[in-house]
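Every chain is named by a letter (A, B, C and D) in the order it is written, and numbering of its residues begins at 1.
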Amino acid sequence: MAHAIAFYTLAAFILGFAILVVTTKDTVHSVLFLVLDFLFVAALYVMLNAPFLAVIQVLVYAGGIVVLYLFVVMLVNLKRPPEAHSDPHRMTKFGFGLAGAVLIELGAIVVSGYMKAPAVTSPAQNLPVSGNTEQVGWLLYTNYLIPFEIASMLLLVAMIGAIVLAKREL
Amino acid sequence: MKYIWLIPLLPGLGAAINGLLGIRYFSRKASGAIACTMMLAALGLSLVAFWQMLGLPADARGVDVVVAQWIPSIPLATSNGQVGMFGVPWGYRLDPLSGMMILVVTGIGTLIHVYSTAYMADEPRGGVARFFCYLNLFCFFMLNLVLGDNFLVMFVGWEGVGLCSYLLIGYWYEKKSASDAGKKAFITNRIGDWGFVLGVFLIYSTFGTLDFRAVQNAAATMPVEAMHFGVLSFICLFLFVGATGKSAQIPLFVWLPDAMEGPTPVSALIHAATMVTAGVYMLGRNAVLFSHAPYVMTIVAIVGVLTALMAATIGLVQYDIKRVLAYSTVSQLGYMFTAMGVGAFSAGAFHLMTHAFFKALLFLGSGSVIHAMGGEQDMRKMGGLKKYLPVTFATMMVGTLAISGIIPLSGFFSKDEILFQAFVHNKVVWVVAVITAAMTAFYMWRLMSMTFFGGYNGPAWETSSHAAVATAAAHHVPHPADPHAHGQAHKDDHEVSHGPADTHGHDDHGGGHGHGPWHGPHESPTPMTFPLMALAVGAIVAGLVGVPIAMGGSNAIEKFLEPSFTASESAVAGEGAAKGAEASAEAASAEHEAEPHVSVNVERGLMLFSLFVAICGIAVAHKFYVKNPEISDGLAEQWAGAHKVLSNKYYVDEAYDATVISGTFAAGKGLWTVDRNVVDGVVNGSGWITIISAWFSGLTDRTVVDGLVNLVGRICEEGSFWFRKIQTGLVQNYALLMLFGVFAFVSIYLFMR
Amino acid sequence: MIDTFIIPTLKILIVLNATLVGVSYMTLLERKVIAWAQSRLGPMRVGPQGVLQPIADAVKLILKEDITPSKADKWVFTAAPVISMVPALIVYAVIPFGPVVRLFGRDVSLYITDVNVGLLYIVSVASVGVYGIILAGYASNSKFPLLASLRASAQLISYEVAVTLTLVSVILMSGSLSMVSIVNAQYNAHVWFGFVQPVAFVIFVIGSLAETNRAPFDLPEAEQELTGGFHTEYSGMRFALFFLAEYANMIVVSSVATTLFFGGWLRPFPNVAALHFLDVIPSWTWFLIKSFVFLYLFIWIRATLPRYRYDQLMRLGWKVLIPVAILNLVVTGIVKVMLL
Amino acid sequence: MPITPTHYMLLSAALFIIGVIGVMVRRNIIIIFMSIELILNAVNINLIAFSDQLHNVIGQVFAVFVIAVAAAEAAVGLGIILAFYRNKESVNIDEMNLMRW
């Protein structure tokens, strides 16, 4: 029961802040709403027994990426409102409609899946370590070592690319 | 004897050295020394070879030495169907005839080289080297010519000597008359060579080989074309055309007098002693062929004797000392051809040898005289030179007597032999020959008397430095004696030179001081007089090898030269055909069969008669030109027409200009017109056709091909005009398409499950 | 019910009040110490030796007018102090002041909670604390606060990396992320990590100085250049919040340092039986004493060192601390794998 | 009533669609990027929900990868935004049409 209450509360906050992020006019406000949204998502992770992911969510997203957004928003001091010019060719309504259609489809799928029997809870795979963080780390450094290295390489490349792009004169 | 190939090679080596290095680096003496050394070595080698050959039995005196395979065997069809292998070895052949020839060439060549060292002493350094290079080169080719054992090697020498004569005649190439004379000689020779080459082709297509021996043996087996004019006759005719070209017979003799533009040693060596006799040598070399073609023999005899007569008549009235000798050369060559024509091959060769001696002697003497006179060639400017240059006088006297046929000098025997043979065969020819002999004696004595006897009436000389101008002035003063002759003098001068004053410039006969003032007639230096004396000795004794039986001598030269004029018995025996054997025998010893018909007395009588005729000529000339010269002038006025015709050489040159040369020009013009109208017309027509067809193909290109291409392009353009509406350039529209893709897949999943 | 609801609530109340009181008296301590360092007396008027000075300050700050600039972004301008205060306070949830003790006949843990990612929790919450400064500078809609906030955020992010790396080396030593288990690990290791990780300790101290915008890294509030830094436009209670947040952060940092490097609530040489008489002093007292040492160290440093230039700050952070921290991490890992 | 993965899936779908609509509608590139972050978070929610449902940590591992990719994307994208802003004094995506026909 408490679980349900917590879920619905968090879901409401998440969706609400997401809608605010999308709809707010002021960029800084939407950035703030994004941070809040991430925080609630982190709370959801905690509820899903993934404290490590929750902390990483806060640490990386809220503490790193969004700060980056905030930087950019501050560096980009616009003379005129950012969305002044609107191209006549954009198909906004079609986009809305299509998004709604996809939502309905996904809902149909999910609900039909919900009509079926709930997914079986398979027993936990036996990892030599216990505890969420240890398990994630174990998998990262054993089975998924190569993807991990690739991800690190991707981050390195992204860092260099960001420097090259943002620096005025190299 | 295996090393006879060295004999031609040595002069060639000298020529190479002088030509490649000498012109740039050598001094006059060095180049002259090299050339003379080479010639001397060649002379020694040929003497050795000749001696060794004498050691052989008479019928084995034919040695073939193949240096290398020149043209490898090429299958080449012949007239009688079967295919012969056309292979030509670079081979040399030493037999009595070529032996004699190499002796003549090397001997006289050596002497003339020595002579030239002094004669050309005042040429510019490079010029001297060039001169000796040409001279050595000439000897190289001449020896190739006489030693070659097949027609092709002989032809190489043939052309080479032509080239060298061209180069040497045009030695003073700054001088237009010299270069023109060179060109004239060259072109005239080409006409003859054309005949010679045709003859060679015909020989190959007839016999399938070019080797002398093989051709002779093959020809010996063929019937004598006494009744009809067969292939052998054609061969001989073509060869004879070549001979006329090279040996200056009618109708191709015109180049020889002009060839006197060259330096006097050249005239002596090439245009008197050796090259011009190549034709005679060639006839003798192909004696078997000719003896099978009686008609051509007759033609040869007639042409020869006519040439002799005509040249002699022209020689009567010439005033240029070298031209007189040139015409005498032509007439002597005519004698030789007469001998060949009447079948007296050995006599012709004999006369060739003797003539080589005394004519070279005469030319060198004349050169000495010209040298002494400081370039003067007009005999009327000379006279009384006997006391100035005794050696030249003595030697030239020997030569004159020899050529006039005074016993016991060499000319007597050879010429008398020819006359005898002519008498035996053809009385008309004999008569003309005798007249010619008289004329020969006359004009030779006239030359001698005008040059050496009488009083000196040349230009005055002083020791002052501006004498040249004075001499020039004196030269143009009209001669008091004969105003009429003066005009001809002028004409002659025009043809050759304008006397010492301006001959100094180009034709440098100034002797040891050509560039300084002229100090009057004087004896030539030793290098010039020594060859004179040597040749004089030769001219005296050369006849003794041919003392006829009628005079108790044994006609050694005939027996010696016999094998060269007959097919080898071995080949004939191998042939085995009786008719062939009989024919070859007849051909081989035509005069031997003829001999019994005339008795020894007749022969002796003929000898006396010819001797008498010669003496008559000499006497008349002496009377005219020494005792009282005005008689000659009187005669000249009396027979002005004839005199004019003679001194203009029968207008042969003018006739050639009018006919041959202008004809050639006209033909060229006609051909040019044809070329411009017809050939260019065809070319232009094809060009127009191409243009028109190209226009049409261009039309199809524009309409059809470009049409298709444009159609494709248009389709793409229209299609893109509609499709690019999707490309709004708005990122979000593309994202929208992505979302549409998601929608599509999800719906597919929905409906597929 | 009691264990799950009342006792935690009591803990939270105690910790919050203690923190606020400690923070207010930190100000007095700082002023006194600096005054002594400069041979002054410091505040002497309010109460004996001016011990009541913090209360007077609090009353003054509360009673002052709370000004909001007209061009400011109202909501953000109001939210910024809160955003900067909250993380400083919620960090105390995982700070162990002492082990589990028997109190009133029941076992009471002297810490609010013990999550197994406690250290990461602290780091992430501290990283969220950046927003307060940034938003304050942005919302004030004024030049100096904007510059100061940009500086501050850059500075914090830069030094956060170095500090986190040092923490990772400590985690390697302890093998756990839980604060309590870290302390126990120090107990089991018979030595405080501050002595086996001196490099990490020094880097952590420097980095925490920078993260709390303390001298010599107090560029975000460099009075001489920025007239007060990101809270130039603030006054009254909001300024008080910023003020408290800074000192609260100081206390947090010292507490973390104590826990990680100085054995938390452990008495000196906890494994030496000869020193059992020290146990008469309760564990939380040891903790407070160690933290006080750190706080005094901070004040001391502020009174001693001049301020860094901005480029020097960045060079130190990126070109010295981070490489050294990484090197330290690598060496630690190698040593742990090879020797232990 | 129990909270099944279906609820989480519905939540993530809704979050996803919200992000999609943000990407579709907004013209401010920064907000578009933030919407993309929302979409990624929806994905993460799914991953972690199933990892909890199946007691399997692999989902969290992939969530970690997703976060890493998100960080990289944010870095590069914001660099692009800065470069674009430096050239055109704007962050309006409708003015990013130099490559259109």
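Here is the rule we use: a contact is a pair of C-beta atoms (placed from the backbone, for glycine too) under 8 Å apart; a residue touches a chain by one contact, two chains touch by 3 or more.
Treat the numbers as computed from the prediction; the structure is a model and nothing was measured.
The chain with its Cα centroid farthest from the Cα centroid of subunit A is B. Pairwise, the chains sharing the most contacting C-beta pairs are A-D.
With centres set at the average Cα position, the gap from subunit A to subunit B is 114 Å.
Subunit B and subunit D, compared by their mean Cα positions, are separated by 110 Å. Subunit A and subunit C have Cα centroids lying 30 Å from one another. Here the spacing of subunit C and subunit D, counted between their Cα centres, is 34 Å. In subunit D, the residues that reach two or more other chains under the touch definition are 20, 24, 94, 97. Taken residue by residue, subunit C touches two or more other chains at no position, since every residue touches fewer.
Within subunit B, residues 728-730, 732, 736, 739 each touch two or more of the remaining chains.
The full set of touching chain pairs reads A-B, A-C, A-D, B-D. Partner subunit A is touched in their complex by these residues of subunit C: 73, 75-76, 79, 115-117, 120-121, 123-125, 127-128, 130-131, 134-135, 138, 146, 150, 153, 157, 160, 177. Across the complex, subunit A is touched by residues 1-11, 13-22, 24-28, 30-31, 33-35, 37-38, 41, 44-45, 48-49, 51-58, 60-61, 63-65, 67-76, 78-83, 85-86, 89-92, 94-95, 97 of subunit D. Residues 87, 89-91, 94-95, 98-99, 101-102, 105-106, 108-109 of subunit A are the ones touching subunit B in the complex. The touching residues of subunit A, when paired with subunit C in their complex, are 26, 28-29, 32, 35, 39, 51-52, 55-56, 58-59, 62-64, 67, 70-71, 74, 131-133.
Against subunit B, in their complex, subunit D makes its touches with residues 20, 23-24, 32, 93-94, 96-101.
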